[in-house]
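Heads up, the next two complexes both have subunit A, just with different partners, subunit B and then subunit C.
Entry: the complex of A and B
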């Protein structure tokens, strides 16, 4: 496409008072060799008049490559939307006018440099065209027929999608169908209700869009969003279906109570909450040892949960379960029956608090906080619950007829995760160790059996105890396999009411990915993006760095080991672009040469420092915008800030570009990584950090100090810290290192 | 601390709830109550622990502890309780139950605290008075205590009242003794060694001083006015006690028709001394009566005013308050009617006597006993070095 350039400078929001716009136009035009008539300024570019001016130029003069020199790319997105045009946004409002002293030379130079970088961006960029694959399927595969899976299937079907619901047991319902009663789910949270699962099963069976496969497991899932080939192991044999997206709702298992002998498990009158549920379902609360009615029932909370020796996390619903089961004791055992609950803290999230209040109000439900130290026999089948630090005093022994252990939950994904982690650890010690591990370790039942080079299951969180990886705050349901969404207790422990909501969320995510791949559009977090990585394969050396580093397993390898993209799995972070030593991966509007040229366009002054900051668009750049918006702090005028899709897309050649041009320092601002990572692309900032640890060795060899290059982890809420972080870095370069020795070469 | 066996008593929990502690089960042990309480000791403070002991039906733990009586029901706890568990009301109910536990005979305590038996209990003194001849109204000017006056025409009434008073004192003594040994037992089973450097005499002396000054009552915040009201009633009772003693003395000593004279042992007392005695006790009596009426009306007013924050109180409270108010009002009314020489003074006086009887004969079982139990708890507390 032949580009006709238009550069539009806004004078509103204080820009006009902060910089000499005409001077900026003159200097930018001469630096970029664009004719001055291609530059226009306006008092308020985002006003209807300003937009009309741009639209008139597009229509009358055929302008099709625009640089909007105004506010941040994060604001006025709707206003500055010109379909069919190559776009750049030079941020001289938040980063310049609002965070630098008005009408100073350094401010003027900053604005000019940003305008020049924007022009380079449209010179180097191209109009994106979506890459849409053919024969896309719109079926949502739901794995798990419990509360979560049933709800997800219903939500998806009611939203108009075909659903395949796979349950490994012979009946639908999961744990929810095995319980005697459920705790109430609506106001006034009194009394027990029938398990809501039964009604859901009926609804699912009545829904024509849902095809139910019971007694079925997944043998294999191949492909990518919109194009999954799913092989099912049904009672009638193998069956192959197509799917567009997957909801993983495989649920949970109770923690193995045989490990809880310290709480008396193994004694005849000590049962788990699951066993107690069966007992109530049979109609009577009796002691297994002698069949006598149990009148004094003790409940021990956190049996296994919140215990570093067992499950370090809170299993979330055991408190409600025991309160509910206390009601069984009261309702089935007669008015003289009582329940004693020993808890660490009663945790009844949300409205369940009202159920707790109501249950607590029953005189026969007695509660105390305490550390249960053990359960011992008290003769004739009776038991003592021994507890310390109770609210009733230091050490107590409570006499009970029956003890119920409120066992915690283990996600269905935990078993294979443990196996796979072990396998990876053994693999890192060599093929022999790996073979030995495979031989010696009992292979657990896998759930997804993905045909991905990166592994058969979705990765779990580091330190996440086998729960499927998904950032529960910022991007729930997302896993590291695009198109596969985790919901319910595979994600975190939750109640049935919460699981139903969770299922709806995951079903909507599954629907979204189906709609987006149909438009060639990415999903979270770049859910508008129609660009895609387009490698120049003729120069590929099959080094597999991209395959290894892609956080989403979007890059596969053919039989010869040459990588190829399964593009619907891609989230467009650009990690492959950063990884590639041959620099062959490009997006239409984002590539190595583009950012490199922008860096190289920054004029290095003879006196004073020039520092490049690469800031992650998702958090760091937003935080920098906030610095401007708050107008309380100033940004250091010697830095030039470039947004990147993710620090993972940072290619090392940019370091060479910067330092060879005489740039004095390079600061990378990315998201927190590690166990509680904040990176929107999971591994991006971590990979950048890893790469830069390598580049610093290279710098040392070049007689350039490693400290000239630094990475900082910042969050979106670090705006008040950011100016100081930048100042400290600049000061360190200035005081400790001095100017780049290559300056002027 | 030794390990204690918990054997929760559901029946007791239900009893507390029925006795005015309806909100007991709302407590979720945040301990705001123990923090805001100004009268609790710093070490092992109440009423947080009492709330959970009551929730678990641990009767012995509650009754064998001075704490439930150290509470003055300021209701700061109740006002600040985030769950509306009203610890003040709950402890009051438990106090009532502890009276029933310790007082002798126990059945009377249960009767006194149940509205069904009210009329029956009132009928006892009325029947005694009527049997003693209170139905007969003497002719002539209205006179109560003078020889030949109304009271003198009531046969057996003094022996009856006196013996009832003696029995009540005996019952109280037995109850208090039981309470004391229960507290001692509780202390030794908790394993804490009592601080013994305070003698019982000193502990009693200190307690009396504290009670006279209403030191703890003054620490109440939510129900500030209660201290003044209580002081008025408290001191008026002392005043009325002095009045009664002096009047009784006069009745005994009077050469003309007094008891001693009646029994054939007249003493020689100057008329001016007797007149002086009469003037003194009339002044004390009337001032006390006024203080009593004002005080008890303030008590009632405070209770109504604070009902939202502190709770209205139960039958146990209102029976006592009503009796005291009835006592004061009928006493004053009888006096006024007598001065006005109206024969209606007699029936009013009979009612007054019924109130007097009720208040004192049933004292070990009604809220009247609170002064003894609380004082005992305070003495125990001081002696055991708790405070």
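Entry: the complex of A and C
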């Protein structure tokens, strides 16, 4: 595209009183070699009059590359919207006029530098065009035919999508079909209900858009959103189908009760809550040892759950389940039947509390807090439950006919996640250790069997206990595998009612990715973005850093080991662009040369320091804007702040660019990483940190001190700390390191 | 003819999620929010549990999704006035209150600097004041000032008008009526803190250094009334001995019979605020059951194992003033059976949540529980309730629910498309 440039400078919001706008125009024009007539200023650029002025230039003069030198790129986005134009926003309001002293030379130079960087951005940038792949499929593959999978399938079908529902067992329904009754799910939470799964199975069978595959597992999933090739192992043999998105609703398994011998499992009359459910469904609560009706039934909560030796999490629905099963005891066992529940805490959150209250009113249900110390035989098949610190007294020894262990749940993903983590750990020790691991470790059942370079399943999450969750609170369905959304107990322990809601959410995301790839758009968190990474493959050395680092596994390798993008998996964070040592990865409006040139454009003064700050545009940059908006603190005038899509997109060549030009320090502001990561691209800031831990080598080569380059983890609410963080960094460079020795070369 | 869209009532985390998710699947949506900003309750929170991350981080992403998506429209300071059903859709009348500041506002602060009048800052639960011309909070979206006319002094609004260089102050702005034809309605009206001053024995409003959990959020927030320093209200002293009273109103037949879901995690989270600022402080948590379901258990263990943090099972009987503005708490420790009396620098009541529909029921032919929660089975076709309007929930559950409601509203919207018009 042939560009016609327009640079528009706003004098409003105190900018005109902070800097000499004419001087800024003169200097920017001279530095960028743009004619001065391409520059215009306005008293309030975002006003309808200011916007009309720009639109008139677009219409009459064919201006198509604009730099708006005004407020932050986060401000007045709706107003400064010029379709068909390459755009930059130079932020001289929040970062300059509102956070620096007015009419000082350093303030003036700041504004000029930002204006110049914006011009370079539009000179180097291009208009994006969407990359839309052909033969996209709109079917949603749902894996798991329990409450979650059935609900996801129905919700998607009712929204107009074709669904393939795959269940590994011969029958639909999962655990929900095996239970006797369900706890109440709606107000006023009284009485037990039939399992809602049965009605849902009928609805699914009646829905023409859903094709059900029972007795079927996934042999392989290849491809990317919109273009998955799914190989199924059906009872009739292998079958291949196409899909556009996947809902993973593989559910849970009860915790292995044979590990709970300390709670008496293994004794004839100690059963799990799952076994008790089967018993009730068969019609009678009897003792396995002698078939006698069980009249005094003890329930032990948190059997495996909330136990550092077993499951360190709470399994969420066992309290409700035991209350429900206590009702079985009372309804099936007659008036003299007694249910005793030993708990750590009764957890019936929200309105399910009302069910607990109802059960407390039953005189045949005894509830006590207590630490169960053991279950032992009391003769004739009877059992003693011993507990300490109970509400009934210090130590209690209760006699029961039958003991029910409220076993915890384990997500269906836990086994393979543990295996794959072990494999990765062994692999890091060398090929021999890896081969040994494979030989010695029992390979668990895989579910997705993805043909992805980064592995066959959704990557496990630090501290996630094998759940296929995302650890985003605000964006519940964001996994590291674009187009594959987890739902139900594979994500978190949850009740059937909650699983049905969760399924609808995952189906929504699956539908959305199908719509977005059809338009060549990214999905969350850059759901509007039509740019995509476009590598210059002729220069690729097949070093594979991009395939390893992409947080979303978007890059596979061909038979020769050359990486290639599955573009519909890409989330546009630019981590590959940051990783590539050959600097061949570019987006139309964001690339290594663009940012590098912007950095190199910053004039390094003979006296005083010049520091570059690269800031995550979602969080750190917003916090810096807030410093301006609050007007309580000043920003250090020696820094120049550049927003980046994600710190993960930071290429090490920018370090060399900066320091070889005499920049004195480089500060990176990114999101928190680790278990409680806040990075919207999950791994971006962590990868940046890793790369920068290696930067010392580069700096040593340049004979510079490592401390000139630093990364800080900051949040969007760190605005009151940020000016100090920056000042401290600048001061350290000033006092401890002095100016960059390359200055002036 | 009003344009057709999916209407979302409420612009908190549930409403924003429902609206944006539906819009990103290609549907026109419209959010009606009663506050002058989007974000709702979560905007007032200092951190989310269990990650201790700032809620504005997720809001910022959502604001950006709105800025980049022409399919999302919203009205702030707006409330639904009436709804009538018509051929599978709903005609909705929305009343928009005057903001007195139009969209020329650049948030330059000149009006606030000129404003001679003050108002209680409801964003900070009255713990601070703002001028009558104000920005709701410093990361608000839309980033636009508001004039609280009820607190203006005679004719003083003229001063704001004169101070504004951008023609943004409109003294004669009138309430506006907007008509919307909704193919589906998502009710995401959110929650209010339960008015715990109704519990005489807990001292709220009478005992100086008793605050609610939501007030604690504002005290700890860097943009709160104390710039993020936790100081007790009566004398600004650093509270080093703090009690958290769980189930303040919740699980109590005299107040809220249900469990409010979030208060255990909220108090654990606030314990970390306290310990971060004052490592030598002690926190006593008085509870009936500690409810940290699922993976939240890990957070409970983390806080439980901090030095100076103790848990006592028992319901608090009385909270009263004692010497030097300290607060005396009386309860029965149910495990030991002993009566306990302890003095604290400050007491935080873990006040429960109630659906906003309890105070302001919507005229949609909905059934409500005895405590004002929406009963979902009573909703007419095409109307969906999400988040805390139908049961107390945390942010994670609200987001799940709202994402699902987006799909359900799409199911209703496509029924209205011409035959075969499925997208």
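One rule holds for everything that comes next: the second predicted complex is superposed on the first by the 730 of 745 C-alpha atoms of A that agree within 3 Å, B and C clash if a C-alpha of one lies under 4 Å from a C-alpha of the other, contacts with A are read in each partner's own complex, and residues count from 1 in each chain.
The working rule: a residue touches a chain if its C-beta (ideal position, glycine included) is under 8 Å from a C-beta of that chain, and two chains touch if they have at least 3 such contacts.
Only a predicted model underlies this, so the values are computations on that prediction, with no experimental measurement involved.
Participant: Should subunit B and subunit C be called a clash or a fit once both complexes are overlaid on subunit A?
Facilitator: Clash: subunit B and subunit C overlap once superposed on subunit A.
Participant: In the superposed arrangement, which partner chain does A:336 touch: subunit B (first), subunit C (second), both, or neither?
Facilitator: Only subunit B; A:336 stays clear of subunit C.
Participant: Considering only the touch criterion stated at the top, classify A:606 as touching first (subunit B), second (subunit C), both, or neither.
Facilitator: neither
Participant: Which touches a greater number of subunit A residues, subunit B or subunit C?
Facilitator: C
Participant: Using the superposition on chain A described above, determine whether A:306 touches subunit B (first), subunit C (second), both, or neither.
Facilitator: second
Participant: I'd like to know which partner A:399 touches here: subunit B for first, subunit C for second, both or neither.
Facilitator: Only subunit B; A:399 stays clear of subunit C.
Participant: Touching A:391, do we find subunit B (first), subunit C (second), both, or neither?
Facilitator: Touch status of A:391: both partners.
Participant: After the superposition on A, what does A:369 contact: first (subunit B), second (subunit C), both or neither?
Facilitator: In the superposition, A:369 contacts both subunit B and subunit C.
Participant: First (subunit B), second (subunit C), both or neither: which does A:357 touch?
Facilitator: Touch status of A:357: both partners.
Participant: If we overlay the two complexes on their shared chain A, which of subunit B and subunit C does A:431 touch? Say first, second, both or neither.
Facilitator: Once the two structures are laid over each other on A, A:431 reaches no partner at all.
Participant: Between subunit B (first) and subunit C (second), which does A:476 come into contact with in this model arrangement: first, second, both, or neither?
Facilitator: Only subunit C; A:476 stays clear of subunit B.
Participant: Out of 148-156, 328-336 or 400-408, where does subunit C collide with subunit B after the chain A superposition?
Facilitator: 328-336
Participant: Can you give me the overlap between the subunit B contact set and the subunit C contact set on subunit A?
Facilitator: Common to the two interfaces on subunit A: residues 346, 357, 369, 391.
Participant: Provide the residue numbers of subunit C that touch subunit A in the complex, in ascending order.
Facilitator: Subunit C reaches subunit A through residues 13, 17, 21, 24-26, 46, 48, 50-62, 64-65, 67-69, 104, 106-109, 138-139, 143, 165-167, 221-223, 227-228, 251, 257-261, 289-298, 301, 313, 334-335, 369, 373, 375-377, 391-393, 395-397, 399-408, 410-411, 414, 422-423.
Participant: Once bound in the complex, which stretches of subunit A touch subunit B?
Facilitator: Per the stated touch rule, the residues are 296, 336, 338, 340, 346, 357, 360-364, 366-369, 384, 386, 391-399.
Participant: Okay, in this complex, where on subunit B does subunit A touch?
Facilitator: Those residues of subunit B that touch subunit A are 1-8, 10, 13-14, 17, 25-26, 28-29, 48-49, 52-53, 55-58, 83.
Participant: Touching subunit C in the complex: which residues of subunit A?
Facilitator: 12-14, 43-44, 46-48, 71, 74-78, 155-156, 158-160, 186-188, 305-306, 312-316, 345-354, 357, 369, 389, 391, 463-465, 467, 469, 471-477, 492-494, 498, 501-509, 511-512, 515-516, 523-525, 527-528, 618-619, 622, 626, 629-631, 672, 676, 678, 680, 715-720
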